[in-house]
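Next up: the structures, one after another.
Shared chain: chain A. Partners: chain B in the first complex, chain C in the second.
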Partner chain A sequence: MTVMLESPGRGTIRARGVPPTARRGTAVKRHRLAAVGFLSPALVLILVFIAVPMVMTFWISLHRWSMFTPITDMDWVGLDNYRAVVTGSTHLAALRNTVVYVALSAAITIPLAVLLALLLYVPRLRGRGLVRVILFATYVVPTVAIVIVWSNLYAPSYGPIDATLSALGVTSPGWLSNPSSALISLVIFNVWQMLGYYVVLLVAGLTQIPEEVYEAARIDGAGPIRQTVSITIPLLRNTLVFVFLMTVVNSIQVFDPVYLLTQGGPANSTNVLSFDIQRTAFQNGLAGEASALAFSLLILLCLVAAVVSKGLRRRT
Partner chain B sequence: MSTVTTTGRDLQRPTRRGRRRMTPGRLALYVVLVLAAAIPLFPLYWLVIASLKGPQEFGRIPPTWFPMDPSFEAFSRVFEVVPFGQSFLNSALITGVCSVSVLITSVLAGYVFAKYQFRGRDALFWAVIGTMFLPPIVTLVPLYHLVSSMGLSDTYAGVMLPWLVNAFGIFLMRQFIADVPDELIDAARIDGAGELRILTRIVLPLLRPAVVTLLVFTVVYYWNNFLWPLSILQSEDKYPIVLTLSRLLSYSTSVQYQNVVMAGALIASLPTLAVFLLAQRVFVQGIARTGVK
Partner chain C sequence: MTHVSSRWQRPIAALAVGAAALALTACSSDEEPTPAAEGGGAAQEITFLTHWGPDQVAQLEAAAEGFKEIEPDITVTVQAVPFANLLSTLRTQGGSGSGPTIASIYDLWLPELVRDGVAAPAPDDTSSSITDAWPGNVVEAASKDGVVYGFPNEVDLYALNYNTRLFEEAGLDGPPATFDELVADAKALTDAGAGQQGFGVITNWSSGAVHPFLSLAASNGGHLLDDSGKAALTDESVVAVAELYEQLLADGSIDPNMSAANANTTGPFLDNFANGKTGMIIMANWWQSALKDAMGDAYADIATAPIPVGPDGDTASSISYSWLTMVNGNADQGQQDAAWKFLTYLNGPDSGEAGSSAMGDILVGMGILPSRTSDLDAHAEALSDPFLAAYVDGLADATPFPTVIGGAAASEALQKHIESLVFGQEGAQAAMEAAAGEVDAALAAAGN
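Let's look at the complex of A and B:
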C-alpha cells in the first residue's frame, strides 16, 4: 500500500533534539502535549474497537464458546475450529464461493473500469462529467435498496430481464434460484454497484500522467492503441494496484445481498465467508468456529496483499 | 531535440483549436458513453416506476416499462406498514453522531500525522491505515461481546460506539493537511497562537473540500451500514432505515405490497443520493485524491 502515499510530510516541529533556547523548549513541550491530546481520541477508539477485537478474534478461534454465555466459560480446543473449517462441507463451500466471487468480481470490474475510465478521459467528449456522476450514484444508494430493485429485475416472468430474454427467444438461466447461476448473479449485482467508484479512482490516476509523455509518443508515431498499451497502462500501475486491492477488500466481505436475497442458497451456492461467519456465530451459537472462519478470511486477504506486493517489488 | 518537440506541438495545434467534426469513431464513442450511462441508470429508473405502479399492474406479465396509471399511494402506505418515520429519524441520529465524531477525530489525528515529527510516527500511521483494509466482519464476534458486556446491547450508543473513528478519514485528512504550507503554521506559532487555535482558525478553513468529501463519505457509509445494527439491535423502534427496509423486503412475497417495498427503497435512498448530488463535484475530486500519489 506504500505506493499510494507520497513520502510522509515534512513536519514543522522537531519534538526530538536539543532545543536552541529555553523558550523553544517550552514550546516543544506544549506541542508534544497537543500532539498527544489530538491523537488520543482516534488511537484509543481504534485500540478498543479494532485492535483489541482483532486479537480477541484469534484467541476465541482457539476455543469453544457460545457467544451468549460469559466469555470466562470458554473451553480451549486448540486448532479444532480450524479443522472444522477445512473439513466442514458448508464452511469449505463458503471459502470456495468467496474465492470465486472475489476473483470474478475483480476479473469483470477492473477491465471494465479501465475501459470506462479511458472513455471518460477522451478529450472534448461532451457529457462525460454527467456520466461519471451517474456511474458513481450507484455507489451511494443503500445496498438494501439496490437488493430490492435487483430482486425485481431478476424476478422470473414479471421481471424486465426475463421478459426481454423471452421476447428474444432466450431461456432464462433462472438467476438467483438456480444453483449454477446464483453466485454470478450476485457478482453482476456487485459490479453494477461498485464500478463507478473504481472508474473515478482510475480517471484520477489518468490525470496524473503528464501530457508530454503522450506528445513524445505521438512524435515517435505511436497510435492511440499503442499509446494506451505502452504508456497509459504501465504509468497507471499504482492506481491499478490500489483499485485491485480495493476490489478484493470490498468483495471479500460481501454480506448484505447474500443475507437479504439468498441466505446462502440455493444448495449453498451463494454461501460466502461473511454470511457463514454471521450465521455460525449468531444462529448456531458457535463463536469459536465463526472466529476461525473470520481469521481465515483475514489470512486470505493478507495472502492476496502479499502476492501483490511481491509482484510489485519484482517489477520495480 | 527541442526543435523536434516544437514541431510536434505545432502539428498538434490545428486539431486542438479547430472544431472536431463528428467522425464515425467519435460517434461510436458517444454511443458507448450513452450505454455507460444507461446501464447504471436503468435499475434506478425501474425503482422509480415500480414504486408508482399499482398492485395489479405490478403482477403483469410481461411487465410494463412505464406506469400506466402512476400513483403515489405506495409512498404513504409504507409509513403505515412499518415504522418508517421512526427508522428514518434513527438513521439520521446514528449517521449524524458518527459523521461528526469521525470528522473531529480525523482532523485532529490527521493534523498530527501531517505536521508533527516524533519517533515512530510513520509506523503508527501505517498501523492506523492498515485498519482501513480490515473487513468489519472479522471482528464482529468480539465486538458484539465487547459492546454487550458494556451493557450497550440494543441501544443507540451500542450501534454508534465502535464507529466513532474511521481510518479512511484520518488518511484523507492527513493527505489534505500535508499540502497546507508549513510557513502558515509557523507564522501563527510565532504570533503566539495555540495549537488548537491554529488548527481551527488557519488549517480548517483550508480544508473545505476535504471536510465535504469526508462528510459525504461518512453519511453514505453510516446510512447504509447494515451488518452491525443487524447484530446488535433487537428492538424495532431503534432500527435504522436499512434494517426496517430489510423487514419490508419480506412483504414483497405478497403482490399487494410490492409497490410499497419499492417506495420504501426509494425513500431510503433519497438522503444519500441528495447529499452526493449536492456535493458531487467536490466529493468526486476528493475521493479521487485518495487513490493516487
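Let's look at the complex of A and C:
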C-alpha cells in the first residue's frame, strides 16, 4: 500500500516501509483516477451533445440527404457540398450579410451601451433604476412579440415611422421593403432589443471599479473626462471584452427577426447564415449542403476565436 | 485568456445542438416500419398534419368525430402547424413510422416524397374512386408516373384583382386585358403624392413573387421549364414579362417599397391593397378571406379579371397548383389502411352538407376552390361569387407549376432575380439569364 501522509507543521512525511518513488507514482495514479472520475459526467455530456453531433454534421456534409430517409440511406458526394458552399452566390451573400450585420451591431451597440452605462452609473441621477428596468425589458420580452410591434413600426407608408417622416417631408428609406435598407433595419432592431442587456452588464462592471481610484485621481486634479479615459475604460476592459464577444456571438446567431420579418429578402439582402442553413436543409431538402455550411461556419468561428484570443494574449 | 476562449463555446455549442437536431432527426428516420397489422379490427390511432387555422381544424375535428361513429376503432388526431413550418415538420417527422399518418402537402413536394418512400401509393380501389370522381388534370397533380398518391383537395390559381373605386376615380371603365393596357391603366392609377401605386408586386415570399410573374409569362406563351426540363427563362416570351416590369417601374406604377410580405404571407403588400393604395395586383383565390377580414365594407370595391395577355400569347393563363392529402408510407399497414378509410370518408359525398364532402365544405369556407367534381356542383352557388368566378373560369386554361424535385429551390432562385429586377439591381435580360442559370443549378443539385 502506498500512501503519503500529511503532518501538520512538519511537511510531508513518508509512510514507513514503502519506497518513496513507488508511493509517488501510486499517488499520481490515484489523482488521475480521481480526476477522471470527477470529470467523467461532464466529459460524457460534452461527448454526447457536442463531439458526436459535430462528427455527424461533418459526415452528413459529405452526402446528399433530404432527411426523409434513414441516415443510413444517404448518397455519398464527397466534397461537392463544400464546393457548393464556396461557389454558391446565395451562400456567399449570406456570409457577406452576416459579416455586415455582426460588424454594424457591434459598432453601434457597444459605444451606445458604454455611454448609457456611464450615465446610469452617475450616483445622483434620479430614476436610474427605472431606466435600467425599461432598458432591460426589451431583452426579456420574446422576439416574436417584439416583431409584431416592429413590423408595424417599419410598415411602408402607413407605419408610424413613415407617417412621421412623411409629415416632415422626408422620403422613407423603405426599411424592410428595400434591399439597401433592410439589413440596416434589422441591425437597428437588434440594437434596440439587446442594448439594455449590455448596459446592465457594463453597469455591473462599473461597480467593480474601486472608488478610491477615482478619489486619488480627483486629488491629483483629474476631471470627469480624464477619469473616464484613464480609469473607467481601462478598468472596464474585461467587461468590455465580454460584451464584445457576446455581441458577436448573439449577432452571428440571428434568426428569429429574419425568419419572421423578411424571410431573407428582398433580393436576399437579409439572408444570413443561420437562415440560409435552415432554408437549405428544411425547405430545399439539402441537409448535406446545409451541414457543409454549418461546418464551414464552425471552422470560421474557431479561426476568429483563435485570432481574438491570440490578440488579447499578446496585449496581456 | 481561457475565459475568452470559453466564450466561443456558445456558438460552437449552438451549432452542435443544431447538428444534434439533424442527427436526432436522422435517428428517428432510421426507425424500421413495423410489420403490417393483422386484420383490420385492431384499434388505430392516426394523426393528420395540416397547416390550416383554428376554424378549419375545428371543422376537421368535427369530421373526425363523424367518422368515429362509423369506424369506432379509428381515432384521428389533428396536428396543426403554420404553413411556413409544414415542410420542415414533414422532414423531421415524416420519415418515421411514428410521424403523422396523414399529411396535407403542396403538389410541388410530391416527387421528393415519392422518391424517398414517404408518400404511400393509394390502394387500387381508392385510386379508382379518385380517378372517377376528380378531373383528370387534378388527379395528374396528385400522381407520379401514373400512380395516384393521395386525395386531391384544393386548387389554387391566380387572377388580376383590382379596386373598382380607384378605377372609377381614374376614369377607367374596365380591367386591362393586354400588357399594353396594363401599362396604361397602371400609369393612370398611380398617384405618388397620395402614396398610391397602379400595380402591386410581392416580394420576400417565393410563391408571391414567382407565380404572378409566371402567370403573365404563361399568358404570353412562356414557361418556367422547357420540354427537356431546363429553364426557359431566357425565352423572349418570358423576358417580355421582365421588360413589362421594367416599364411599370420606369413609369412609377410599381412602388417596390409597398411590396413586402412577411412569414405569415401577409404584410405590407396585402395592407396596401386592402387600404386602397394599390390599384391592381395579381393574387391567388385563397386570399379572399384575408381580403374580406382586412377590408370590411370596402371589400365590395374589389373585382377580379383574367390575367392580361401578352403580345405573343393568345389566351389568359394562370399558374395553378394544388394540394393533396397523402398517407405516410412508413406508417404500419394498419395505420395506413385506417388513414385511407378516413380520407375516403372525408373526401366522399356523404361527409359534408348537401352532397358536398366535408373537405369541400372546409375549403369553400376559406374561399378555396375544391377540386372534386361533385363538390364543385354542390357549391356552385358559392363559387359563382363574383370574386371567385374569374378563378373558376380560369381553371380550364391554367398552366400547372412544374412539379419536379428541387422545384422549391428553383422557385427561390427565380424569386431572387425577380426581386433584383424590381429593386433595379438587374435589367430584364440580365435578371432572366442569371435566374435561368441558377434554376438549372438548383434542379441539378436536387438530383435531376
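The definition used in the following text is that the second predicted complex is superposed on the first by the 265 of 316 C-alpha atoms of A that agree within 3 Å, B and C clash if a C-alpha of one lies under 4 Å from a C-alpha of the other, contacts with A are read in each partner's own complex, and residues count from 1 in each chain.
Convention: a residue touches a chain if its C-beta (ideal position, glycine included) is under 8 Å from a C-beta of that chain, and two chains touch if they have at least 3 such contacts.
Remember, predicted model here, so these are calculated numbers, not experimental data.
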With both complexes overlaid on chain A, does A:T69 touch chain B (first), chain C (second), both or neither?
second
Give one of first, second, both or neither to describe whether A:L312 is in contact with chain B, with chain C, with both, or with none.
second
Once the structures are superposed on A, label A:S172 by its partner contacts, choosing first (chain B), second (chain C), both or neither.
second
For A:G265, select first, second, both or neither according to whether it touches chain B, chain C, the two together, or no partner.
second
Based on the superposed arrangement, let me know which partner A:T90 touches: chain B (first), chain C (second), both, or neither?
second
If we overlay the two complexes on their shared chain A, which of chain B and chain C does A:E289 touch? Say first, second, both or neither.
second
Using the touch criterion from the header, give the chain among chain B and chain C with more contacted residues in chain A.
B
Between chain B (first) and chain C (second), which does A:T239 come into contact with in this model arrangement: first, second, both, or neither?
first
In the superposed arrangement, which partner chain does A:M54 touch: chain B (first), chain C (second), both, or neither?
both
If I apply the document's touch criterion, which positions on chain A are contacted by chain B in one structure and by chain C in the other?
49-50, 52-54, 56-57, 60, 67, 71, 151, 157-158, 166, 242, 245, 249, 252-253, 259-260, 277-278, 281-282, 287, 290-291, 294, 297-298, 301, 305
What residues of chain A sit close enough to touch chain C in their complex?
49-50, 52-54, 56-57, 60, 64-72, 75, 84, 89-90, 151, 155-158, 166, 172, 174, 176-180, 241-242, 245-246, 249, 252-253, 259-268, 277-279, 281-287, 289-291, 294, 297-298, 301-302, 304-305, 308-309, 312-313, 316
Per the contact definition, I'd like the list of chain B residues that touch chain A in the complex.
4-5, 7-9, 12, 20, 26, 29-30, 32-33, 36-37, 39-41, 43-44, 46-47, 50, 58-63, 65, 104-106, 108-109, 111-119, 121-122, 124-126, 128-131, 133-146, 149, 161-162, 164-165, 167, 170, 174-175, 177-178, 182, 185-186, 189, 194-196, 199, 216, 220, 223-224, 226-227, 230-231, 241-242, 245-246, 249, 252, 258, 261-262, 264-266, 268-269, 272-273, 275-277, 280, 284-285, 287-293
Could you pull out which chain C residues touch chain A in their complex?
1, 4-5, 7-8, 10-20, 22-23, 25-27, 29-31, 84, 87-88, 90-92, 94-95, 112-113, 116-118, 195, 203-205, 256-263, 267-268, 271-272, 275, 277, 406, 408-409, 412-413, 415-416, 419-420, 422-423, 425, 438, 442, 445-447
So in the complex, the part of chain A that touches chain B is made up of which residues?
1, 4-6, 8-16, 27, 30-32, 34-35, 38-39, 41-43, 45-46, 48-54, 56-57, 60, 67, 71, 116, 119, 122, 124-125, 127-128, 130-153, 157-160, 163, 166-167, 192, 195-197, 200-205, 208, 215-216, 218-219, 238-239, 242-243, 245, 249, 252-253, 255-256, 259-260, 273-274, 277-278, 281-282, 287, 290-291, 294-295, 297-298, 301, 305
